[in-house]
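Shared chain: subunit A. Partners: subunit B in the first complex, subunit C in the second.
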Partner chain A sequence: MHDISEEIPKHRTANPFASKGGAQKRKDVFTATALRLATYFILLCAGYIFVDIIIKGAPVVFKASPPFVNIDFLTKSPETLMTFETSDGAEHKLDFSDYSQFKRDFPDLKIVEEHSHAFSGGGILGPLVGTALLTGICIIVALFVGLTTAIYLNEYSSKGRFMDLIRLAIMNLAGVPSVVFGLFGLGLFCLVAPVITDAPMESALFTVPILFTKSYISFQGWGTCMLAGGFTLAVMVLPVIIAACEESLKAIPMGFREASLALGATKWQTIAKSVLPYAFPGMLTASVLGITRVAGETAPIMFTAALSHKDKLPWQDVNGVGGFLSQSVQAMPYHIYTVAARIPQSEYTRPMQYGSVFVFLVVVMLFAALSVFLRIHYRKKIKW
Partner chain B sequence: MKTSMSEQEKQEEVLTPETKTANQPVTRENTHDLVIDVDNVSFGYVPGKDVLRDITMNINRGEVTAFIGPSGCGKSTLLRCFNRMNDLIPTAGISKGEIRILGTDIHAPEVDVIELRKHVGMVFQKYNPFPKSIYENVAFGLRIQGINGKQALDQAVEESLRYAGLWEEVKDRLNASGLGLSGGQQQRLCIARAIAVRPKIVLMDEPCSALDPISTAIIEELITKLRSEFTIVIVTHNMQQAARVSDRTAFFYLGNLIEMDRTTTMFSNPSKKQTEDYISGRFG
Partner chain C sequence: MSETPTSADSFSGRDAFKRRGFRILGIGLQDVIRYFFGGNASLAIVLIILICFFLGREGIMFFPAHHEGLGSYRQAGQEFVDYMGEEIDAHTKFYSAANIAYFAEVNESSAIEDAQIATARAVLANVETITRKSWNLLERKIEEEVGLAKKVAGLAEGSPEIPEVQQMLETRRSEIEKLRVTLRAEVEAALESPDAWSTGGSDRGVGLTNIEKIREAVLFEAFPKAKEEHPFLLELKAASKTKKADTAARLIAFKTTLTEIQSAVKPLRTLHGELRKHATENRAVINSFKSAPQRRAALLAGAENVDDPAEKAKLQAEADEVVITEPDLVAMNAPLYAAVSKYAEVSLPLKAEMERLLQALPSTVSTESARENLDRSRSAYGSFKGVQKANRDRIPSWRHDLPVSWIKSFSAFLFGKQWITNSSWHDFYGLLPLLTGSLMISVIALIVAVPFSIAAAIYVNQLAPRREQEIVKPAIEFIGAIPSVVLGFFGILVLGEMLREVSQVEWLSWVPGFPMAERLTILNAGLLLAFMAVPTIFTLTEDALENVPSAFAENSFAMGASRLQTVFRVVLPTAASGLIAAVLLGFGRIIGETMVVLLVAGNKIKIPDFSEGFGVVTQPTHTMTGIIAQELGEVDGGSLHWRALFIVGMVLFVIALLVNYAAQQALKRFQKV
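And now, the complex of A and B:
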């Protein structure tokens, strides 16, 4: 039989691959460990945030008995929560509207001890709806301006100093702190943006009469309203959208444009028929992420659109489209800020805090998932 | 096809204005035979650095003309001058001379490059069908001209696909994506797309360089068939291909046109030493 031991070197020291040990090797192990721990730190943060919010927030939104979802939390707007004890010794916890009803129903019951907890009752419908509207306006404005800018930059502009300057400006815009955007929005959209009106305000920057009518274009601002908020958010997300749109346009092979032009298509026909249709999915998916990011911003809407308390939903009692757009709204980020930092804290405020954060997180994650899904879906469908 | 034909007659009027250059009287006869007339042309991608120098050549109606030469010698550049695709590069331009197509200086101010390109189709080196259906790929050029009638389109699509020798292979899946075809089929789809608008001239820039030998043979056969309807200019790095498909061959070297002659003469009895060296494979 063949003896393999013959082939193994007799002297271990002769092994050319033996570890030489020493400082280099230790340094290598140390580096790998440090890098790994840094990565785990991220995991720890993410885990803590999600676990904490889910453990404390999910019970507010879901419940063990049918219909398993706390309908009131999703269909009512924030209210003051009343806690009180009646003379018969029973303890009660009611939203303010129910509390008034309760007093009417049982006029004889004497209320012994009562506490009110602002914003801790009701649900979060108002802020949810407000955020949806702000985000909707933001999407329309940002996609329109972002798309046109990206098309111009990528398809029409020639390379040069001026274009580099524009790109630099756009990139710098991305670094502006959100509170500055808030103030900018206040200054531009709330105070000087143009409106068409028959009776310009005294405070208008200037007014331009429209010929042959009694109306004026008055640069008096839109006031604090959802339109101003949506525009402010849009300006804030523009750098991301422009970058995303340009990226998608660049990914379209030159061959499509050349083929189309060589067939006698005009530049615009080429863009509209042979570039945009294939770039659009990429633009949309990348934009969704950017927009969900700004939808969670508090500072830009704080001065321009948000309201902590509002009885009516945006579509109740409004006066046309103009009236609809020029009202303030509640919004999720601002609502969370209010319940977390601007009201007296008690055990009764906890469910509202965690429930709001939980729902908001779920909504944002759904959008992120949608964006990922869209990307995968289109990548499968379109190949070149 | 009827509508597109009448469209085309209209365009011919646009492309051929009455104002002919005085020193170059265009008689009925030479507009007929000279489809492309390159007159002492120099061209540069950046001003002052010409990559084509003093090119003078004639390309005749109904012939296949091959451009050969080592890579980087300017074959594609000249080809892309003919449909002004070089306009896409802002600094590029002709520094000298004139290119006349169907008797008209293509850089004359009254020439609309869009109309020019409807007359001068192009097939690219890398086949580039749109990620659309086979049908829509072929119909693209007609649709952008505003031809949307189903009957006209159906007919033009079938005719063009038949011309390109692709009809039998795809007639049952016209609505399938053009990208699902094999490489050779995709290139033939691109040829069908280019001829669907009935150009007078078809430019082909190394149409077979990305294809296997069998697909190449099919396309070469197709080119010899198309010759009866279209004037074809083909760039190729493959001399056997030039010998097989072309009537006349132009040999370029370092931006100069060294020699242009009947292909049979050129390959059997070249008049220039450089041509002979290149053809016999001594460089390039």
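And now, the complex of A and C:
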């Protein structure tokens, strides 16, 4: 919106209402400039953070010679980095596995000035995979619950106390601190959630025998594992997903439903045939938005799923789906927390720190951009 | 009625709206679907209840256990001993501030010399770091040379290898010679580089006088490694020493007063030490009595599970050995009661002596720092007097068998000033240091974030051209997607260092708290959280402005108001409660944020020292969210400490609900407009 006075062409200065300038005008211009500067200062800060991380992080991930990408960084899991000098004066910087190999290959070389830097070698495959799995589980659970909730709120609801209560609960859920979700997930999913087992643990809250079998449903919790982490994250992101799904359902014109009902379709047929298919883009946006929110969260998975060091990737050496889901995983945010604050700092940990942060930031920001793009794209494309 | 009406006759109007389909108990398929969706929707309510339940389940037993712990604390007499401890601590504070003042005065006299020495040391260290690699190489070569020389000496009796070894020795020696030359050049080059002269600002410019001489001294000591110090440095040291001695001689009265202050408290210290030992033993007895039934039960259970009869008998015997006799608290606490009169004997002279010594402290000192510390010392004396006064009442009236009231136990948690865990004396779970930390960081974050985000919202919504609006708005909302752990990382590595460097700029030293000693501070965390809160507050404010009916603004324009007059006098007041809701929700987001404060706030569990005024923001602190994230992984499930962390989580939960409630009330008012 422009200043109104500026839009009036010059030749019509006879307008008696035209601004006469003076002190008020100067004050206006000054205030407007101050507001504008404040706005751009915020963007400047954001830009500084991005540029700093890109400048220091990109050289770790990319390199000047083909294949231009540091493959090792993306395909290895974090390892200890060994730095040492050999007696011929050469300096070496090797991951721990390569270091052992080096020692076997050159048993005669005398090694001096040897230092080890935890978590500074290898790559970030483990944490990346872990975050992808946690996010996947979370989105599946949250989308199921969120979509059904949104359908109920938008299609079935009639105003009343029950509805108010649900909306109040959702709003409050959105305000709960993430670390409290971590505590809740620990208390519920890790320590109490039900499992089916032949030999229930003594610490179970209670057990229910399943008829005609030797098994029990034991409320002993899932332990620290990716399933617990995914569920905790799902609870946390639920309000966001519900809001996004509801928005997409609201955008579908009432006429679709009315036409379907008028043709004699049942309520469910109407929802399944005339509402949900058109809500699909909205659901897609919702899940991308959910991924953005969830991937960066550290506090909820700290006690429920994450661990800092793990040799194997999640699919190596597991038995069955249950075993797969009930293992703890590395996760990007937790990995960044570890390398940023829990290990001794040295110049050799910098590449790992900035590399991880760079990759993580780029991935999360791509998803954020995707969600914005999807929203704009579908809003433009779909005209009822 | 059949599915397809065979003729028009069988169709009656009444049947048209009859509910059809298969039903059980009057519930048809459509209803089942409806209930399924409704059930999922009510999950949100269930989740809120579950959160309350599970936080409560783990946390609620904290209060009885904490209460019992406080009971033991009193029964063992630890409370009594800590009364005296408080007096001693207050005295130490008084003494140490005065002591710092004394040394500030003494050190100031030789400040220039000391700064020059410090600069020389720092530069020498820098040069050594820069040339470390060449040094290492040289040292290795010398090592090899020595080895070879030994070999030559060992093979003295005309052995044929000698020429070869000799040859090697020669090469080594020439290599060493060459290395020495290059190293010398390297040291000289390093001395020229600005890196070598970055002393971290510790000398504050004074040390950079006499640069030529310092350079000479460093060169002298850096290569070849000198055995003795350069005469210039020795001279400086001597000068510094004499100046210090002169000042000390001038301040001899001050020093005597300090010594007397320290020795005045000695009798109390001795008494406290004895009693403390006693109370520790008492506590051990009480703890073992309280845990006896459990240990016995565990041993008996173990005995039952063991098959081997000998082992069984052994465990049984051990279980029988666990005596469950109540300790005689009166006898145990007798020495403490006896100490009451001793305390009176010690305390009265201490009081008189300290009043005299307070007057004996010098009233005028020459340096700023000494003056500040003397003032601090005097105010610490005030609190020392307060503790003494309190002790004169509470020490004689203390009883070990008075039950601890529940109110006291609750307030010990909510208003307790100490959070001390894993201690051999007594674990204190006081929320206050964590709560102050959280609140201070939030307040700073809000002070910074609110003006910027509201200004941005006004600009984007009211003033910016449409094109600019379409770019700036998503860009600011984009900030909200930056993961908090990334911001925390940025705070540790970049912002902390940046703030410290800014704080060391000479002409900014008037700012309270500058120069900063720490990188990880309340200020650092507050700034990052402000940045995090901007998108939240911005978006909500922008919504509120958007929702103000356009007729309001149009009317205002029609009255001849300018755009900014309209914005500030019509639109903003209308949206005020929306703005309040935005700020409240921003606060909710800030106080619940975990990773940034865990990484950046410094994690020091202590109530910040407010005597520094605004400078308090340059201190490290700990927060409620941070302590949960930091300690929960390391404690045993079900222990008192674990439960305490869940209760802290519950406090956070309640704060979040209250903030949400307030924001909703504000929004409701806004919607009425």
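The working rule: the second predicted complex is superposed on the first by the 347 of 384 C-alpha atoms of A that agree within 3 Å, B and C clash if a C-alpha of one lies under 4 Å from a C-alpha of the other, contacts with A are read in each partner's own complex, and residues count from 1 in each chain.
Heads up, the rule we're going with is that contacts are C-beta pairs under 8 Å (C-beta built on N, C-alpha and C of every residue); 3 or more make two chains touch, one makes a residue touch a chain.
These figures come from a predicted structure and were not determined experimentally.
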{"item": "Which superposed partner A:Phe256 touches (first subunit B, second subunit C, both, neither)", "value": "first"}
{"item": "Which superposed partner A:Thr266 touches (first subunit B, second subunit C, both, neither)", "value": "both"}
{"item": "Partner chain(s) touched by A:Gln24 [first = subunit B, second = subunit C, both, neither]", "value": "second"}
{"item": "First, second, both or neither for A:Leu366, with subunit B first and subunit C second", "value": "neither"}
{"item": "First (subunit B), second (subunit C), both or neither touched by A:Leu44", "value": "neither"}
{"item": "Which of subunit B and subunit C A:Leu188 touches, first, second, both or neither", "value": "second"}
{"item": "First (subunit B), second (subunit C), both or neither touched by A:Met171", "value": "second"}
{"item": "Touching partner for A:Ser274 - first (subunit B), second (subunit C), both, neither", "value": "first"}
{"item": "Residues of subunit A at both interfaces, subunit B in one complex, subunit C in the other", "value": "266"}
{"item": "For the subunit B and subunit A complex, residues of the former touching the latter", "value": "83, 85, 88, 90, 114-115, 117-118, 121-122, 124, 126, 128-131, 140-141, 144-145, 179, 190, 193-194, 197"}
{"item": "Subunit C contact footprint on subunit A (complex, rising order)", "value": "1-4, 17, 19, 24-25, 27-28, 31-32, 34-36, 38-39, 41-43, 45-46, 49, 52-53, 85, 87, 89, 112-113, 144-145, 148-149, 151-153, 155-156, 162, 165-166, 169-173, 175-184, 186-188, 191-192, 235, 238-239, 242, 266-268, 292-293, 295-299, 302-303, 333, 336-337, 340-341, 353, 357, 360-361, 364-365, 367-369, 372"}
{"item": "Residue numbers on subunit A that touch subunit B, as the complex places them", "value": "158, 253, 255-256, 258-266, 269, 273-274, 278, 382-384"}
{"item": "Partner subunit A, residues of subunit C touching it in the complex", "value": "29-30, 33-34, 36-38, 40-45, 47-48, 50-51, 54-55, 57-58, 136-137, 140, 451-453, 455-456, 458-460, 462-466, 472, 474-476, 478-479, 481-490, 492-494, 531, 534, 538, 557, 560, 562-565, 585, 588, 591-595, 598-599, 625, 628-629, 632-633, 637, 645-646, 649, 652-653, 656-657, 659-660, 664"}
